[in-house]
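First chain written, first letter: the chains are A, B and C, and each begins at residue 1.
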Amino acid sequence: MHFKSGFGGAVALAVAAFGLSTAAEAQMKVGFVYVGPIGDHGWNYQHHQGLLELKKALGSKVTTTHVEKVPENADATRVITKLASTGHNLIFTTSFGYMNPTNKVAKRFPKVTFEHATGYKRLSPNVSTYSARFYEGRYVAGKIVGKMTKTNTIGYVASFPIPEVIRGINATYLSAKSVNPKIKIKVVWVSTWYDPGKEADAAKALIDQGADVIMQHTDSPAPLQVAEKRGVYAVGQASDMRNFGKKAHLTAIVNNWAPYYVARTKAVMDGNWQQQNTWHGFKEGMVKMAPYNSAIPADVVKLAEDTRKGIIAGTIHPFEGEIRDQAGKVRIPAGKRADDGLMAGMNFYVQGIDGTIPK
Amino acid sequence: MSIDWLVPAILTIVTAATPLVFAAVGETVVEKAGVLNLGVEGMMIMGAIAAFATAVSTGSEVLAILAGAAAGLLLSLIFGVLCVYLQSNQVATGLALTIFGLGLSALIGHSYVGATFDGLAKLDIPGVSDIPTIGPLIFGHDVLVYLSVISVALVAWFLNSTRAGLLVRAVGENHDAAHSIGYSVMLVRMGAILFGGAMAGIGGAYLSVAYTPLWVENMTAGRGWIALALVVFASWKPWRAFFGAYLFGGITIIQLYAQGMGVEVSAQFLSMLPYLATILVLVVISRDSAKARLNAPACLGKNFHVSG
Amino acid sequence: MLIRLEQRPEASNIMVYVSPLIAVVLTILTAMIMFGALGVDPAKAIETFFIEPVSTLDGVAELLVKATPLVLIGVGLSLGFQANVWNIGAEGQLVIGALAGGGLALAFYGQSSTLLVPAMLVCGVIGGMAWAAIPAWMKTRFNTNEILTSLMLTYVGLLVLSYLVHGPWKDPEGQNFPESRLFHDSALLPILIDETRLNVGWLLALFVVVLGWILMSRHIIGFQIKVIGMAPMAGAFAGFKENRLIWITLLISGGCAGLAGVIELSGAIGQIVPSISPGYGFTAIIVAFLGRLHPVGVLFAGLLMALTYLGGDSAQITMNLPNAVTGVFQGMLLFFLLASDVLIRYRVRFGPPRVKAEAAE
């Protein structure tokens, strides 16, 4: 309930000042569920950075809890239930595999608010979903790698063939192609999100086969380290990975969850939280580019920045027609932009990419 | 297509195989003494964090490797005391050791996430390392790679040609007989276990100081289990374990290169290949049952206690 | 040596019950020191690990849900371990069993029939058995070491699962994400207590415990297993066919693992996901040994192990301890439990061995 009038507001403030809200504030408990260890320096690490910033921003008004390494199976439901039944008012479940568990628990605890990352199901009114438009970052990175490669070959260390990853490969390729018509992209699937040794091996294989810029859609900084050692360039994933390869690190596509976490927590505290499906990008600050490497020529930096600003302003869209798939079928007609539904379920390579998506 | 990638591909295989070689050869000695330590993964990960922490704080690679060995050794000491002196079950204790090692390494490693150091340098002998093909293949590795080959040779020589090696094998073959001749079964087994722990620790150290010079939790990613498989795969022969490690590393790496070349096979099927190949080779070598039985330590996994 | 172990003439019955208590007390003492060193209130930490998780009905239900696969697989494995058949690939058998049962649920999607769940359970058992039959066949036919083949087949099984959920069995309306559609109600195990996840699977686990106990103590196969395990030569002499026991024990342990897999899917998860089990097949090996390879012991060991996982959740949620502490804590508990077993068969003696002392006089 909101007091719109000045008088009402004053009453509300007065009530707040005399204790009621201290009780309410003390009750504001936010829980986070992570799929891997915080110490992965990737996906989970970045969510935890969001938690830390949330604590910094709201201070004593909020207490936070996190549970790490929660497998995406029967354990997930147990942990989320446990959080919901121990006084947490808001629970962020930060991996796709928590989608059904989150919805299941949300139905049982209608008074608790749930936020699920990267999913699409919102079966009860107390569940929202959120994700980031990482492909926007890849589109900006694509301009840089397209310009920086001398062998015209991008090496791409990929995890699993889900739409998220395929979208990233397509965005990178389309962007690089637009500045370098001779560009080729080589994709190696490692079937893991997280195995530094295997990620490094894949990067080596790509470099040995002519790639001189490495992109990755896996979580550890290992591919970047390999690039540094071999004297080629790389683009970091999830966090600013500069420290792992100062020369190689062109930039990184940074997941920045903090603003969202702060905003949603405040919304619950203020009582104006509403169910929504959030897909934020550069504009809202959920995706960021890490500082550009000084080795990138000024005009390329400008190109990248113009692209970024264009995406924010809405003048540029990574998936703007005409875009055909490998079979030559028009997927996005000329002059049209891909809608969110098409992008969310993207399961085809765009024309020009060699190789096939593993089944 | 040129085959310029071939030499670097082999170098990649060497890097992938080396941690497995250390761990597998160490475990070979342990199992030859009649002890089955399934905690290799736990000892490796402890070696990895200890080595990385030491490298970051002292900058010394030698100290880092020693720290890795020491961490593996300390963890194996727990295993040894439990299994050799307190007669606990080896399979269960080994599994518990892995759980413990993964947890403890994560606890210690908490403050090292994101830290970096340059990593172990490749050997660089002016003139020699620059010879095309042969130069990098023979002289282009880091010092641990050479150490791994030397350790295989030493262990093979030790087990086959020395009195002490014979004693280790005797203890693994028939501990009661070895005891009745007057040897200390427990002491020999402890020694073997500690050696295996130190070697697994060095294998882990290789991951965090040479392979990928960084620390992230669970970075061994199952390599300890593969090392265990290699020991049996090699029917407890150090050189066979060495080649097994290279075969396993080779298949893993070649499937990555094949993808880069556009060979179209399902990712899951490609990833299955090393395991299927291991099973196949295993069936082939174990068909000769007399030979296979000869190599398997008869007392493997059985505890020993002086009765009476 | 001043402290030494002396073999008891026969295993101590008292110690069978006292030694786990000693282990728990030692763990608690050591853990208190560890928690103290980490700057955590030790008493509260212990309470959080052992008591808080089961202080609610929901908690108890979750404990039983978590223990179900551990007990099921543990009972199956313990039979084989007693016969020196080392099946360490239960994880793979669990996955294949789950796929067999889950595949049936998907094939009959939307059809309501009371026969579906029983059929799924049977398929699960058969799937697990089929996967365990491979190492059994290789062992009996080629003398191939079953430790290695069953372990390797675990990785293959996990990749089969990965292939199916990323490919043919993907939810058609699932935006290409790697998981199957949610099972319809007829494919879900009946729930025992409303508002919890406690399902019929727990009763099946208890049933298997009883079956295992009867098999080992009352049936000729149980007798043969024990004889072969203790003295293979004697078994062969008595005319027991070793190959037959290898087949039986591997099929039983594989079937139990497969059943656990399908129960996990149909009871606790409700769809096929890329990681069905968080390593139950491996944890159950420890459970089997903690339970001293006795079905009833396995039951208690499974409950204790499950409790440490729930305690790990609580430690993170109520005390903000990192997950790593759980691993260290579990490891210590297991070390003490395993070490304390020594007291059943041995006596701790202080002072030099008597024989030598006499000789010296």
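In the analysis below, a residue touches a chain if its C-beta (ideal position, glycine included) is under 8 Å from a C-beta of that chain, and two chains touch if they have at least 3 such contacts.
Just so it is clear, the model here is predicted, and its values are computed rather than measured.
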Considering only mean CA positions as chain centres, point out the chain farthest from subunit B. A
Looking only at C-beta pairs that count as contacts, which pair of chains has more of them, A-C or B-C? B-C
Taking each chain's centre as the mean of its CA atoms, how far is subunit A from subunit C in angstrom? 37
Euclidean distance of C-alpha centroids - subunit B vs subunit C, Å: 27
Check: subunit C positions touching at least 2 other chains come out as 159, 162-163, 166-167, 322-323
What are the residues of subunit A that contact at least two other chains? 37-38, 161, 191, 358-359
Residues of subunit B that contact two or more other chains, please. 106, 110, 217, 266, 268, 271
Sites on subunit A touched by subunit C in the complex: 31, 37-38, 65-69, 71-75, 77-79, 81-83, 85-86, 96-97, 100, 104, 108, 120, 160-163, 191, 344-347, 358-359
Per the touch rule, the subunit B residues reaching subunit A in their complex are 4-5, 8-9, 12, 15-16, 106, 109-110, 113-114, 116, 119, 207, 211-219, 221, 223, 252-253, 256-257, 259-262, 264, 266-268, 271
Could you list, by residue number, the parts of subunit A that touch subunit B in their complex? 36-41, 45, 155, 161, 186-192, 194-202, 204-209, 211, 220-222, 225, 229, 243-244, 354-356, 358-359
Touching subunit A in the complex: which residues of subunit C? 56, 58, 62, 65-66, 159, 162-163, 166-167, 175-179, 182, 195, 197, 264, 268-271, 273-278, 309-310, 313-314, 316-318, 320, 322-323
Tell me, which parts of subunit C touch subunit B in their complex? 5, 7, 81, 86, 88, 138, 142-145, 147-149, 151-153, 155-156, 159-160, 162-163, 166-167, 282, 285-286, 288-290, 322-332, 334-335, 338-339, 341-342, 345-346
